[in-house]
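There are two complexes below, and they share chain A, which is joined by chain B in the first and by chain C in the second.
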Partner chain A sequence: MVALTPTAGAGGLAATQAGGPATSSRRRRRTGIGRGLVLLICGIYFIGPLVGAFWFSIQDKVHGGVQFSAYAHVFSAVGFSDAFMLSLKLGIGTVLISLLLMVPTMLLLHLRAPKFRPVVETLCLMPLVIPPVVLVAGVGVVLAWGPNQLAGTPLQTFLNAIQSGKTPWVLILEYVVLTLPFTYRSLDAGIRSVDIHTLTEAGLNLGAGWGTVTMRILLPSLRTSVLNAAFLSFALVFGEYTVASILQYQPFAVFIVAAGQTEGQLSTSLSLLSLLITWLLLLLISLLGGRNSTKVDI
Partner chain B sequence: MSSIALESLETGAGTTVEFADVHRVFGSTHALDGLDLKVRPGELLALLGPSGCGKTTALRLLAGFDQPDAGSVLVDGEDVSRLPANKRDMGMVFQSYSLFPTMSAVDNVAFGLRLRGRGAGDRRKRAAELLDLVGLSEHLKKFPHQMSGGQQQRVALARALAISPRVLLLDEPLSALDAKVRAQLRDEIRRIQLELGVTTVFVTHDQEEALSMADRVGVMRDGRLEQCAAPSELYQRPETPFVAEFVGTMNRLPGSMVPGGVRLFTQVVAVDGVVPPAGSDVRALLRPEAVLVEPADGQPGHAMVTTATFFGAVTRLRMTQPDGQEILADVGSHRAADFPAGAQVLISVLDRPVLVRPESESTAATVPGRA
Partner chain C sequence: MTAQSRAGSSSEWSPARPATDPGQVHELADGSGPLVTLKRRRSYAWVGLTPFFLYIAAFFILPTGTVLFSAFRKTDADTGVTSFTGSNVSSALQGVYFTGIKNSLTLALITGVVGALVGLVLAWAIVSSTGNVLTRFVSTAAAVLANFGGVPLAFLFIATVGNSGLVTKALADHFHINLNSDLHFDLYGITGLELVYLYFQIPLMVLVITPALEGLKPQWQEAAANLGATRWQYWRHVGAPILAPNVLGAALLLFCSGFSAYATADALTSGAFPLIPLQIHAVISGNVLAGMENLGDALALIMVVIVVPLMVIYQLLQRRTTRWLR
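After this line comes the complex of A and B, so read on.
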């Protein structure tokens, strides 16, 4: 530092030049080792259990060595396809309803009613502090109490409808609530990073209506945050166990636990498959979100 | 740059705009307090004023992003106060970069044309022409994040012009740009505006921008129009103390009225406009360039140089008189060496009529740095 000031003599400069590179090289080496250590610890923490699980799932307990029968049996396991399809349905349903509900709400909040933002934020973040088991206990009580107390009312019809049929709407609706914090946070971060006020006004100024502004200008600009919200919601639903189990449904997560009670290796291979699906989704979203343009047909 | 047939752009040349006793209140703030203003067909009118004076509110009312609490906004005599923004046919360039981030430059420009049902070929041709007009024919396919701020604002200008706006609205479009690009784009906007003859309202807090670009400048203060006049008139003959102090830099020199004019230093100078009675104390409003200085060369001086600030062609001298009164004078930079700090100087003023104000008249304005 001193050597860089005009008052430093040539000697000082030379001394610094001689010592500088060596010192900075040592510092760089130390920093590099520190980083490597942190990465190693993180790697062991995150990848270690996965490697262990994979190793467990391919061990041949009878003859020794390795075998992949657990993976070969995954797709033919009884109940696998039903559970998988149910989870898929729940995930897609939750994502669609969450986005249909939250995207317009968030845009309205930011554009038209910013003073209500703290209220909506608090409401949306509530599921983070209320354990799912508490939520589902409350829902369970209402579902048990409702049909008797509300007999003959449209509410009774509604309560019956969301529990019957092939699609468990009651689960989807509950998952919409559970995923609210993630949907809210993702969309909020996206909206804050884009000047939606100016974009909206620019669109209106050019003659676009609100629908066009939303669909052609705002949503494409918020694509990454919408995809993030969708991914987080889907991942949460795909791995959710508590609510589904208490309400006596058997999506993928419940199926894995059930399978684990009889076939440990199958259960582990299913868990790894579940992770793989999540990673693939993340990759897909990164690819989609990474595209910085949309093809607009002018 | 542009070789397009400008007549094909069919802009809103000839459109008049009028604010008739417009009021807009936000809570306890009267953003517009009875604004009356007429914009003539084809002219570029700049609204100039300090922050919070209501100039942006006026522009937003004209664009349709807000509605007046009272009064009317008229375009070609038609009251558009309640007309939605997307029905007004006004092209606007915003202060912040407003290009749609997921569209290329050509798509941005063509967006408004698509909404108007123009055919694909026509849209593309016209968008390309307009980008050529603003000097960006090489950047048709670029996305906003691949362009500089100046380029983005050019595309925004092309996009605003593409829809053949009745009125072009410019909301401090140059404020986010660096000085060189700002000066360049300023000239281009004016050139294009003159070529197209589109009625333009330009909001700015930069007086240099307003004075250099506009046909007329409206100076606003506290939601009202203080004065609206051609730049030279505004500069030479400010009607209110606020305008005098806000536009450019003004000395307020104490003087006394005598027969034939106002006595300033050793001179008697004619008075411009209303002449106060002889014997009254006044303040003469003098621009720094109207103050002449000479080295005292050993004589008792009128003032002492305290600082000299280099502005390129001219150097501004800040001087203090024996009574503590400060006075500013511009001298050619080639003469600046004659006036070092601490030098005694003799002061005179240009022999032309000056504006005077009664001594008692106060100003609420803060004098900006320089014009």
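After this line comes the complex of A and C, so read on.
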């Protein structure tokens, strides 16, 4: 009987194969080729359109050759800065409101009201289930109540205020809903990874009040997961198209599509930039998560 | 710490109390002072949760519920009286809307199944081969495409194989092949949509199934090998049964994500292709006959009726598998 290898690795696996070293190495080579083939085909499928789009965006159609004007002129394109600023505003607004709403809720949920956890979890994950187009259809119906059923009431004023004005608050309010699943998961994972019960009890026993415990123990130990939630929400809002375009606003993603009607190169370059920026943002999150491996461990 | 040992230590402090309910304050044995624990007494903590519940009620449940409600309401054009009716739903199941539902289901089914199979193989290839840096690279890239792709994906493909795309032109100029008429490929039709949808479906499958593949313990394969099993027998009797619920659940998730997707299809076809989400948009922005105003709500109801049960099954399958794969 062959002993079990304590280290779980491919080499250890092969050594314990019943078939002996010759068969296992041949088998390993065969899997290696299969794996390489899979990675190659998928690589072509996934990298092809990226390379193609990049090449398309730098082609000089008039003189032939290469030029980078689609990238150089991004900021001077008509409507770009408005759309970009709007997206920035929506992103920051959404992040602030969702953190303000969810951080206290999640702390309370874990520390004081655990029996509500299943309800809150289900509600937070529901926006992943209900298609955004259904939600926005409903928002449209509710907004239409303003001048009809609710005419003359304070609610009409409210519904008016969130639609018009410099900041389309209705988008921010709905984006908070759309980002709930991400916010919930990040914060939940963060709270689970530190033993906040023990930390809170320790703080209280050392004479701290709830305020001190929150500010100096709970929030600092949740720093990474709060940042995670913020970045993910921001990325989601920055690329959001469905709600904004149906409610007829023009943030970044809607602008890309509108520009695509006339300037293919501009939309292509903006699409590439948007994917790249989102990817860098997620890479940053993943690095933050990796560095935080020295958690408060009790 | 097990439940027993915790209960044991607790009863040393206060033998009079039930061990499972430690109460709010324990007197230490030497009387040095009270020890605060998080209390279990009647709590008003739910009051703190009201902002959350109010927010969800106002900005999520109210709009969604309204849609589902008005799907069954119709205002009579002559009398102006609004009443309950099934006619919105029945018109939503006919003609061009039936085509839309059929197209959406086909698109979701094909990209769900193909995406799940290809994604599974790709995830296996990634899990079994890479180092730490590449894994991080690939997993973040997959997350971008799966969750944040939307509009940009459409433009990647338009630039490559669209009407004036790079590959389209190269084929036409150098090989005299027309992508559309010779190869029967139309980026703005159902084949094109399938190709573009797979660009986010496959990464989604990789994201969802990778934890499950990583959860297959090497010890299981070693145990099987030591008992004389071949690799095939291991996968047939151990690997596949453990992964099956997970793969099935992931395929359901992919189906729903393909069914609900809006941005990519809208950007690709300018809203012209008959898919149910695009039709909802067309209807609620007023492109509809008088007396059919609530048709969009009926279409939305149909989407919900299709998606919600599948997602519930997905959740149940996920829960079932977490028992084995941690």
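Keep in mind that, in the parts below, the second predicted complex is superposed on the first by the 227 of 298 C-alpha atoms of A that agree within 3 Å, B and C clash if a C-alpha of one lies under 4 Å from a C-alpha of the other, contacts with A are read in each partner's own complex, and residues count from 1 in each chain.
Just so we're on the same page, a contact is a pair of C-beta atoms (placed from the backbone, for glycine too) under 8 Å apart; a residue touches a chain by one contact, two chains touch by 3 or more.
Model, not experiment: these values are computed from the prediction.
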The answer to whether chain B or chain C touches more of chain A is C
* Asked: So, does A:G79 touch the first partner chain B, the second partner chain C, both, or neither?
  -> neither
| request: Name the contact category of A:P131: first (chain B only), second (chain C only), both, or neither. | output: second
Note to self: Contacts for A:V38 in the overlay, against chain B (first) and chain C (second): which applies, first, second, both or neither?
What the structure shows: second
Key: Contacts of A:E201 with chain B and chain C, given as first, second, both or neither   = both
So, does A:I217 touch the first partner chain B, the second partner chain C, both, or neither?
first
- [ ] Considering only touches as defined above, state whether A:G209 meets chain B (first), chain C (second), both or neither.
- [x] first
Interface residues of chain A shared by chain B and chain C, listed 201, 204-205
Counting only contacts in the complex, chain B reaches chain A at residues 63-65, 84-87, 89-92, 94, 96-104, 106-107, 110-116, 120, 123-124, 127, 143, 145, 156, 159-160, 163
Contacts from chain A onto chain C in the complex sit at residues 1-2, 4-5, 8-10, 12-13, 16-19, 27, 31, 34-35, 38-39, 42, 45-46, 48-50, 52-53, 55-57, 59, 101-102, 104-105, 108-109, 111-113, 116, 120, 123, 126-135, 137-142, 173-174, 176-177, 197, 200-201, 204-205, 235-236, 239-242, 245-246, 253, 256-257, 260, 264, 267-268, 270-272, 274-275, 278-279, 282-283, 285-286, 290
Per the touch rule above, chain A residues touching chain B in the complex are 194-195, 198-199, 201-209, 212, 216-217, 220-221, 223, 292-294, 296-298
Chain C residues touching chain A in their complex are 35-38, 43, 45-46, 48-49, 51-53, 55-56, 59-60, 62-67, 70, 118, 121-122, 124-126, 128-129, 136-137, 139-141, 143-145, 147-161, 164-167, 198-199, 202, 217-219, 221-223, 225-226, 228-231, 256, 259-260, 262-263, 266-267, 277, 280-281, 284-285, 296-297, 300, 303-304, 307-308, 311
